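I have a structure I would like to understand better, so I am pasting it below and will then ask my questions one at a time.
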Amino acid sequence: MIQNKAPGKDVSIEDMKEKFPLVAKKDSTHFSDFEVAGVTFGSKLIPVMAGPNMVENESLIVETALQVKKAGAHFLRGGAFKPLSFPYRSEKYTETREDGIKWLGIAKKESGLGIITEVMEEKYLDMICDVADILQIGSRNMQNYPLITEAAKTKKPLMIKRHYGASLRDWLGAAEYALYAGNKKVILCERGVSVPHTHKDSSRFLLDLQVVPAAKEITHLPIAVDPSHATFWRPWVKPMALASIAAGCDSVMLEVHPDPENSAVDPLQPIDFSAFGGLMEEMNNIATCIGRSLRDD
Amino acid sequence: MIQNKAPGKDVSIEDMKEKFPLVAKKDSTHFSDFEVAGVTFGSKLIPVMAGPNMVENESLIVETALQVKKAGAHFLRGGAFKPLSFPYRSEKYTETREDGIKWLGIAKKESGLGIITEVMEEKYLDMICDVADILQIGSRNMQNYPLITEAAKTKKPLMIKRHYGASLRDWLGAAEYALYAGNKKVILCERGVSVPHTHKDSSRFLLDLQVVPAAKEITHLPIAVDPSHATFWRPWVKPMALASIAAGCDSVMLEVHPDPENSAVDPLQPIDFSAFGGLMEEMNNIATCIGRSLRDD
Amino acid sequence: MIQNKAPGKDVSIEDMKEKFPLVAKKDSTHFSDFEVAGVTFGSKLIPVMAGPNMVENESLIVETALQVKKAGAHFLRGGAFKPLSFPYRSEKYTETREDGIKWLGIAKKESGLGIITEVMEEKYLDMICDVADILQIGSRNMQNYPLITEAAKTKKPLMIKRHYGASLRDWLGAAEYALYAGNKKVILCERGVSVPHTHKDSSRFLLDLQVVPAAKEITHLPIAVDPSHATFWRPWVKPMALASIAAGCDSVMLEVHPDPENSAVDPLQPIDFSAFGGLMEEMNNIATCIGRSLRDD
Amino acid sequence: MIQNKAPGKDVSIEDMKEKFPLVAKKDSTHFSDFEVAGVTFGSKLIPVMAGPNMVENESLIVETALQVKKAGAHFLRGGAFKPLSFPYRSEKYTETREDGIKWLGIAKKESGLGIITEVMEEKYLDMICDVADILQIGSRNMQNYPLITEAAKTKKPLMIKRHYGASLRDWLGAAEYALYAGNKKVILCERGVSVPHTHKDSSRFLLDLQVVPAAKEITHLPIAVDPSHATFWRPWVKPMALASIAAGCDSVMLEVHPDPENSAVDPLQPIDFSAFGGLMEEMNNIATCIGRSLRDD
């Protein structure tokens, strides 16, 4: 099973598929679909997950839930537990943790939307599962296989974000851990790739849309795209969201905030409710062109 | 004008614009449009350039011209002079050079399409200008500033392909040479980026669609995309072509061949006439969603 | 503390240092040194950590310990817990886990060498700390901040391998978590960088030696280099190990196996005892040229 | 000869060698050596090429020639024709072109050093050949095959710098053009690799030292390294120059300037005469450790 290749010898798609038999397509038409909180992934529908980067406080998340629901979103996203590249938190930027999860629960009840939120540690899985409909494995934990395995065992659907330095092979390998642990409801999410720099260091990325057809050639799992984190820049979110739909993705995650410039984190990337409403229309128009839809009916 | 930055100090958009005052936008709404062979670039219209990688022979190029014209293409593309990573040519893979240019001239006459073809050496400029409506500066020559300058001086419109290892800054710098030489009709074309490998070596690329909004934030010049060379793989051409339109590009270049599997070069990437016809429809549908069109009317 | 930059605006070294005040140098001559199992890191001495990728069985690890000790190595390395990109293990390739740790304990006793081994889950920390002198945080867990924090709290020295997709900034940020948790004995280890590929997927890397002077410009922590994992190819290990010393690294990690071609994992990269003995001599010669040494005296 | 591979299928070393039969090693011990201006490349000797980025004026280049000669350099480098990413030149930064070549001729006469300088256009080849002992094909022209072919036909030795975005395969392919044109005296020079950025744009690179053993596994041609351009930062030049020698390179190119901070171009990277003198000693010490030398005797 484990193969080593001399430099210059690369692996073929068939070799790759052998490494992840559960993630691999059985044949070219094999795509899996499954329902989460009444919404189907992997079908004609393209579910949209929208909300703020951080669950900053109760009123913000409830207001956002109601507004994105009104605009047609299918899931509310929001981080209560958030990894950061450094251990320090500003007064403004504080993980709300248990409180955040509770507020997501309130927003869920008020809006009727399903919830997707990130898990970072096994010990909080139970608490988060009480509220979440989809567990997000963040980019930084894409290779934290014990976490993926434990999260998968809860039977909650998982969304595994691609590490910004990961190959398609390593990304699919991470998903194989989830399927191997007995969980068939796995969504993969592209969120921008980066390259290692010695002295040029920022947190911006290049959205890899080519990975959408590339991944769908190999795996039957639905592929989501998050253009907000990739572009890190509000004006580019719309063109890249439209391009994601046109490239054939199965779901879109977007950062939406009532007051983007005052977002507790990454204020350059969220869009406001009005922009989100317009973008939902435009994404749906593009979807219609290729036989898909952002609407359930 | 020439600035040096210590490691960790990067240049801002404003610093960049100073380096290329002619290429830079004057303000956020500044976009240039110009006419080439009766077709306007930089307007609502999204011109499509289609044809084979190589002008293999007269009948192939004439047939392709008539077929892509029928499907709605605006320009015929085809290489008579072609750079290759190695000096050797197979029996099948032979540059047709002077003959190829002549056959392009015949195809132009038969189809009425404008012609875009690559220039590699100053000494052939006159001959190529007799037939070509747009001179293509290939990826490998993006930093061949003497060639760009001489080509620009002919006053023929230029299309400058981004080198697969070039930053946005270096790409715009190459265009500045053309404008500085007095030529205002310059199109920029993204065609996939690569990364340097020590021992993993193939010629495939990652299409950078994020560069479309990024470039349009800085420059007033029209931005084209070539998904065929980037993906190098027929099944990915359609999703990436649709995504290019949705991302806001101003023109699309596509490789089309009557018998793709027997293309003299890169047989994995061209699409056939039937696929091209369908793709034109689908691209036009996407274009319509964002207020643009592939049709002149 | 948390800053967001518009595209094109990058962070300076001073901005970076603000993010990791404990990891940052106070002034240009600030370098920390500390003792581990009687061996000093961060001084004139360049400690060498050698051993097999996997602790395959007791006799293999004991034999290797005795042989690398004889050749002048300062620590025995070997993985009992090993992350893999896929959940499957071949008959040959099996993590030896608790047994492996026990065998490392025996090898330690027989050879007198300090032990470095990888930790992947908090729950095994106690057991591993009974034997290990340095806890290795593997490349894949570089951003598993809860794991780093818990490992740091044990007060055992940590070695944090750079993720193959991580910037210098993110690598130093990971170390800041360890220092913030109260552990001052942290070694950073470069092990090759990669780039994200859509369809070209193997596990080979480019050793980034420029990061050695780059990191030492910013941080006072010792910098190790692992040329075995980076090159993945036996013939390149020696030149890159010598270059690592010449570039100014503070420690070298090398994969050594009694029978490289029959290594349970990655058989193309380990060197045998004889090659290791010769390489120790040559590395010491290079070290001497720059006022350093591989020998304690 | 021309092969196309499906995505995921990469080429082997043997496949690569087929593409460049003249550049490829016949067997593992095959390395070519040749003499240039009384200095042998590809042997025990490691020739050093030193001098300013630009031939700013006569006195600067003559003084530098005498000083680097005194410190043991084998060739004087200096650019009279210089490509720049933008068409503009500051008052200070002016190519000296014909004058520069004349001044290089004077420096050659005064110092007795061989000259290496860049060629950018075929039309200046004769003039430059009157003075130059080695013609440098710059990074930006690595894929300008007509220029390489014409330069090769002069029979002057060529040094081909690796494009910062080029794979090993494309770099060796460029050299094949030179050998195919009948010139056997070709040196390859690594000078740092980059990656394409959408919005993070500067001119700094990552020195790829792993390419030294990688290239020498495939080609018999001598491999030089230029750490000055790669690092772009004076403090890193010394460690990376020493590492280049230790990695097994066959020649080193260094930027040396009488007054680095007032260099007309890239003032952050040149070292002064005193630093160069010390570095020559240290590089020679490292060379001695691996059976090589910077000295002719």
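Letters A, B, C and D mark the chains as written, and numbering starts fresh at 1 in each.
Please note the rule applied: a residue touches a chain if its C-beta (ideal position, glycine included) is under 8 Å from a C-beta of that chain, and two chains touch if they have at least 3 such contacts.
Every value quoted in this text rests on a predicted model; they were computed, and no experiment measured them.
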Problem set entry | Longest centre-to-centre distance from chain B, chain (CA-based) | C
Seminar exercise, completed: Given over half shared residue numbers means same and under half means different, the chain A/chain B interface is same
Exercise. For chain A and chain D, what's the span in angstrom between their mean Cα positions?
Worked result: 46
Seminar exercise, completed: Expressed in whole Å, how far the mean CA point of chain B lies from that of chain D is 32
Exercise. Which residues does chain D have that touch at least 2 chains other than itself?
Worked result: 6-8, 10-11, 13, 16, 195, 197-202, 204, 206, 208, 210, 214, 233
Exercise. Can you list the chain B residues touching chain A in their complex?
Worked result: 7-8, 10, 195, 198-202, 206-210, 212-214, 217, 230-231, 235-236, 239-240, 242-248, 282, 285-286, 289-290
Exercise. Which of the residues in chain B come into contact with chain D in the complex?
Worked result: 1-2, 4-7, 10-11, 13, 16, 19-20, 83-90, 92-93, 120-121, 140-141, 143-147, 149, 163-170, 173-174, 176-177, 180-181, 193-202, 204, 208, 210-211, 214, 232-233, 265-268
